[in-house]
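Below you'll find a set of structures to go through.
Look for chain A in each of the two complexes below; its partner is chain B in the first and chain C in the second.
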Partner chain A sequence: MGGLIERLRLPASLRRGADSPGVSGGRPGAPGTQARGAAERERRPAGSGSAFWVMVQKEFGDHIRSWRFLILLALVTLACIGSIYSSITALKDAQEAATGSGSEIDTSFLFLKMFTISDGSLPNFLTFLSFLAPLIGIAIGFDSINSERNKGTLSRVMSQPVYRDDFLNAKFVAGLLLIAVVVFSLGFLVMGMGLLTIGYPPTPEEFWRVVIALVITTVYVGLWLNLSLLFSVRFKQAATSALSGIAVWIFFLVFYGMIVSLISNATTPDAAAGADAYINQQNWMMLLQRLSPAYLFQEAASTLLLPDVRTLNPFVTQDQAYLAIDAPLSFGQSLLLVWPQVVAIVAETALSFAASYVAFMRQEIRSRS
Partner chain B sequence: MDAAWNAGVNAGFEDAETDRASQASSVIELRGLTKKYGDFTAVDGLDLSIRQGEIFGLLGPNGAGKTTTILMMLGLTEPTAGSSTVCGLDSTRQPMQVKRRVGYMPDDIGFYEDRSGLDNLVYTARLNGVPEKEARERAQQLLEKVGLAEAARKKTGAYSRGMRQRLGLADVLIKRPDVIILDEPTLGIDPEGVRELLVLIREMSRNEGLTVLLSSHHLHQVQQICDRVGLFVKGRLIASGDLDTLSRELDGGPTHLVELDVAGWSSALEETLLSVEGVLSVSRSEADALAGREADALAGREADGHGAPNAAATVRVASSVDLTAQLAAAVVTSGAALRGLRRTRYGLDDIYHRYFEGGDSHGRTH
Partner chain C sequence: MFTTIRNKIAALALVLCVAALAASASAFAAGGAKLYTPYTSLSAAAGESLSYSIELINDGDSIQTADLSYDTPGSNWTIDLTAGGHPIKQVAVKPGESESVNLNVQVPYEVNKGDYALHVNAGAFGSLALKINIAEQGTYKTELTAEQPNMQGHSDSTFTYNLTLSNRTAGKQQYALSADAPVGWDYHFSANGSNVTAVDLDANGTQSITLTLTPASKATADTYEIPIQASNSSTSAKATMQAVITGTYGLNLTTSDQRLSANVTAGGTKNLELVVQNTGTSDLENISLTSTTPTDWEVTFEPKTISSIKPGESVPVTATIKSSGKALSGDYVVGLSAQSTEKSSDAAIRVTVKTSVLWGWIGVVIIAAVLAGIYGLFRKYGRR
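What follows is the complex of A and B.
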């Protein structure tokens, strides 16, 4: 925020310099140096903007070269290949069973099924992704600020003409770019390999569903990146911040659902209570569940990749269930259905970014402390 | 509005260039600068002005507030009160402009260790808006200047401490600053490395008209290259100026010191020396163990030759005016053998030490 304000304030301060020639004219020694600086600055186009992209570029390069990233990539790629294998086996089994019984296999959204079905030996792609994606975010972000601080590079960079928030933003943007590259290349890898193996091309609608699902995945990983950025600002030790990130990850993935169901059991209205009470309680539980980014992502991605999902509400009246046409939703409708989930994930991302932002701006830049 | 300002400044550019040496305008101007952390006052009403082209040494023990002061000059920390002006720019309000002109080398400088020295320099230059190609050229030149040309492509993780400091100096200079601020530049380098670094700093300052502010607690190192020094203790600047001024300002104590190596030391001689006009104190020093042993050896031979049992002594005579000739005469006329005579000025170490000897009563905690 400081940088933003500063940028807004900049013209005013320059005007101040122009208005008071006494500062420059009165003492010829200093203006000589000022003139040199000013002349140099004139040659430079948009100074701070380019500094930002220089930082992004450097961060991106650092990530790509790091061992950590290679290991992560290997891990996630393995997971992808495993999930494709299991889904293709499942598809082939289904086809054999269908030909055996003389009927045709249901080919609607066959391409999407590659992402969502499994023969049971390994989880499907979506599950793998929702499980491993946070790890990518955490691994990329957990030491971004505190390691610079500990290595003494933070104070060196901050003494250059660089806005303090640009430093944090560059970390975030570079991380997000990297995540987008990884997620999309994995997604396209699965698509391509699937295409080769099952030989069944995707319809445009299927293609866009996958692309949007990948975008949502990127945003979701971005949330974890931000969370780990926050920890890296907050904790001086990289190990502490990594551990905190992993703790939050495990909490939401494993324990949060358990806790919600515990609460749900404890607050179930007794049998004598009316339907309103039940619905009310269920809605509350749903809200609690949806605080978890993992749950939100699961809902959003599975709705997009499974067009048969018609609603995310736990309660459907009998009329609704009977009268609804048993047909998959169109792409636009699926998108509408997951819109709130996407907004919620983005909001949580923004929230944690704001927190790390405030924490970082308040910190004092000192060498290695 | 920027253009108008530039034009105005450019008009005076030529004159400024020629006048630089003679003109003593302040580049760094601190007025009542104060920084408090809760109840603790790190910097307390600091007034300081540093002239163009000067090498100023900010001296003080650890925790005196030197780094905090520097951070405030760069606009990295906001002062609680007071103002800091660097190159005519307010550090708090225009930190970006200030940081463009000021090169800062933090104490214990850090580099991206998996990048080469060259890459680190190029990155800094690019953060300052220098285009890639020019950045590379500048970096090469500077690496040569600081003597790291062969190590340019080595990763900085493999650099030695001295190399890191020299790279730090190149890193500070690559943006072509008007002022450079070095925080403890000599920390942790061997004596030869310190000497080289200081010579380098001095050369750069002289050749390019740079204003240099360096902070240190290694007094004798700093006194070699500084034009002026400021003694900074517990957030206050207790004295500033060149050595003589500093010494006078502190306690009006002696400014001159003569060391005499005398064979045949006696208390009578001590009386004689004390009676020389202007002598403030006479003390036998046991300063250098090495020199002392040598002197003893000499004295031993002397004793054999002359049969005089008196040991040799090194005596330090402090005075407020230069009394070297009178002292020598006094020793010789008293009949003792004058083996050596060294005229020294009070070093910063002495001044510093003397201040703290008296400083205990001011409630120094450690």
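What follows is the complex of A and C.
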């Protein structure tokens, strides 16, 4: 964010001061500058919004042009293309099998199947997204604060007439915007390629299901962005915060499931205990699973993209299945079904942002600390 | 000796001749000509025709000629004498031979029971008294009979009666056929494979006629009498057919707005306005309402049983569907049925279970609270 200051509309004197290295700007809130800060507050409201958006633009542009982002984007895009190829192969196989046997392929929600089915050679789009998308968030956020701090640019920006929290907010908003752009681009890429290859247009309901699933994906990746923001505020070394972020990522996406299944194996009631005990234990395991944001996201997105899913419980009892018609849920009902998951993801994202916000605002900012 | 024998033979021949002459002379003296028929007293039915063969025997040695005449027992008896296919008035018989004439007697239809005497007069041949006994009172009319005048069926079946029309009059008649069916009923007559409204019948002829009767579709259960008539200006015959309609039973269960789907919140209740309709033509009694539900669901009906529904009428019923709290969101089938002893009707209702929106709002509240907390942090730490 070194070039940011030039783009801020600043008084000429201040700009000169900021441009010369080694000169620390006045820290807002410091006792000596209290009067000036108060004076600036009178002038600022007109310019503070634009200063915030200038920071967002700058941050956004920096990310777009960074190698780190390009490499990640290429990785995710390749994975997506691979998953689309896999799903289309599976669809075509099903079509051929159906034609061969003289029956007709079930075309209900065919468009959504591109996101959820796979021929087995590669995971489907959703799995890829839940696995790789957090990496984008981590990569965007892990060095956003500490590298600025280490380079000394943080204190220089803070010496400008901008609110202190605008700095963090701009980092977050720019990151989230970028994530939204990437996620929606990937989503629409899949939709477009699907249209080209299977030639089956989506119904409005299918379209909105995909859009809401992409929104949830954006919020989910925003959660990882906030986590890495928190680490970058907390740890002074970028490498440490990157490792912490990746550690959490690996923990939730790889080890957490194993741990839960270990616990599940250890606590499985014996056969004599009866069905109730078994259901109870499974419900507890489900609760444990749902502590993982990755699992919540998988549940939310796959339910939205699979209208046939009628419940997220580990069991459907005979009582519940008796006289039930095998019919897809409406969009609203699917959304209501995963609403707790959506709320949890949104809340976790908001809470992790709040944590990094508090941590950042309570930190001391010194030049070259 | 020779002379004696010749004399004896001559004397014998003479005696024989005299004897023969004496014998023939005695026959002539008794009339010489006679009338003869074998069956002098016959029994006959009214309308029948009798044929007598009457022989005229001439025992004389001269040709006998006689005028033939007869006197009839009544004015409406038809009698004629024929010989060689022609009516005859006079007959001549050679000596020692006989001639026969045919006497045809047509007994009228309108004749009383009893004995009737008929005299045939043939002049020198004398007269012949014939006796005809009429065993049954004769008629002079048309008869219309049915093999099976009573039939039973539903209101949607057709009734086919086989009738026989007999012309017991002397002449050829044309009959117009008509039936006096109840309003809304349809009928037609057919004879010889085609539908007819009138038939021609020769004297003493019979004709099979089929009456096909189609009841009104809403004919109620009852015994219907259908008078039918074959008539013309001079004669007519009547008969009465009976059609016993047992009535149909029809029961229909549907919702008042014909929609067979409903929404219900999991664990919630939904009122459904049903209509039980008697679509048949007979009363339905003791209709009970039952349901087939998913496990732990409840359906209560108000009223639970209907004592009676008249044909064509309907009774509103309120069904309250209470879904199980554990029901999955999505579609379930709830089967409702109305049953009487005679008939039953089912309605399958597709019930869509919806998740309660309450938790959705709670989620919104949680998110709002979190955002409010962040706003609080902004106020506390930011802008300084």
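The working rule: the second predicted complex is superposed on the first by the 312 of 369 C-alpha atoms of A that agree within 3 Å, B and C clash if a C-alpha of one lies under 4 Å from a C-alpha of the other, contacts with A are read in each partner's own complex, and residues count from 1 in each chain.
FYI, contacts are C-beta pairs under 8 Å (C-beta built on N, C-alpha and C of every residue); 3 or more make two chains touch, one makes a residue touch a chain.
Quick caveat: nothing in here was measured; it's all calculated off a predicted structure.
Touch criterion met: A:R310 reaches chain C, while chain B stays clear of it.
When both complexes are overlaid on chain A, the residue A:I259 reaches neither chain B nor chain C. More residues of chain A lie in touch with B than with the remaining chain of the pair chain B and chain C.
When the two structures are aligned on the shared chain, A:A354 is found in touch with chain C, with no touch to chain B. In the superposed model, A:S50 lies in contact with chain B only, and not with chain C.
By the touch criterion defined above, A:G152 reaches chain B but does not reach chain C. Using the contact criterion defined above for the overlaid structures, shared-chain residue A:K58 touches chain B, although it does not reach chain C.
When the shared chain is aligned, chain B and chain C each come close enough to touch A:Y163.
Of the two partner chains, chain B is the only one touched by A:E364; chain C is not.
In the superposition on chain A, A:A74 makes contact with neither chain B nor chain C.
The contact surfaces that chain B and chain C form on chain A in the two complexes overlap at residues 28-29, 37, 41, 163. Across the complex, chain C is touched by residues 28-29, 37, 41, 163-165, 310-311, 316-325, 327-329, 333, 336-337, 339-340, 342-343, 346-347, 350-351, 353-354, 357-358, 361-362 of chain A. Remark: chain B residues 1-2, 4-6, 8-10, 12-13, 15-17, 19-20, 23-27, 51-52, 67, 71, 74, 76-77, 87-89, 93-97, 99-104, 106-114, 123-124, 126-130, 171, 175-176, 178, 183 touch chain A in the complex.
Considering their complex, residues 6, 9-11, 13-15, 17-18, 21, 23-25, 27-42, 44-45, 47-48, 50-51, 54-55, 58, 62, 65, 151-163, 364-368 of chain A touch chain B.
Taken together, the chain C residues at the contact with chain A in this complex read 292-296, 324, 326-335, 350, 354-355, 357, 359-360, 363-364, 366-367, 370-371, 373-374, 377-378, 381-384.
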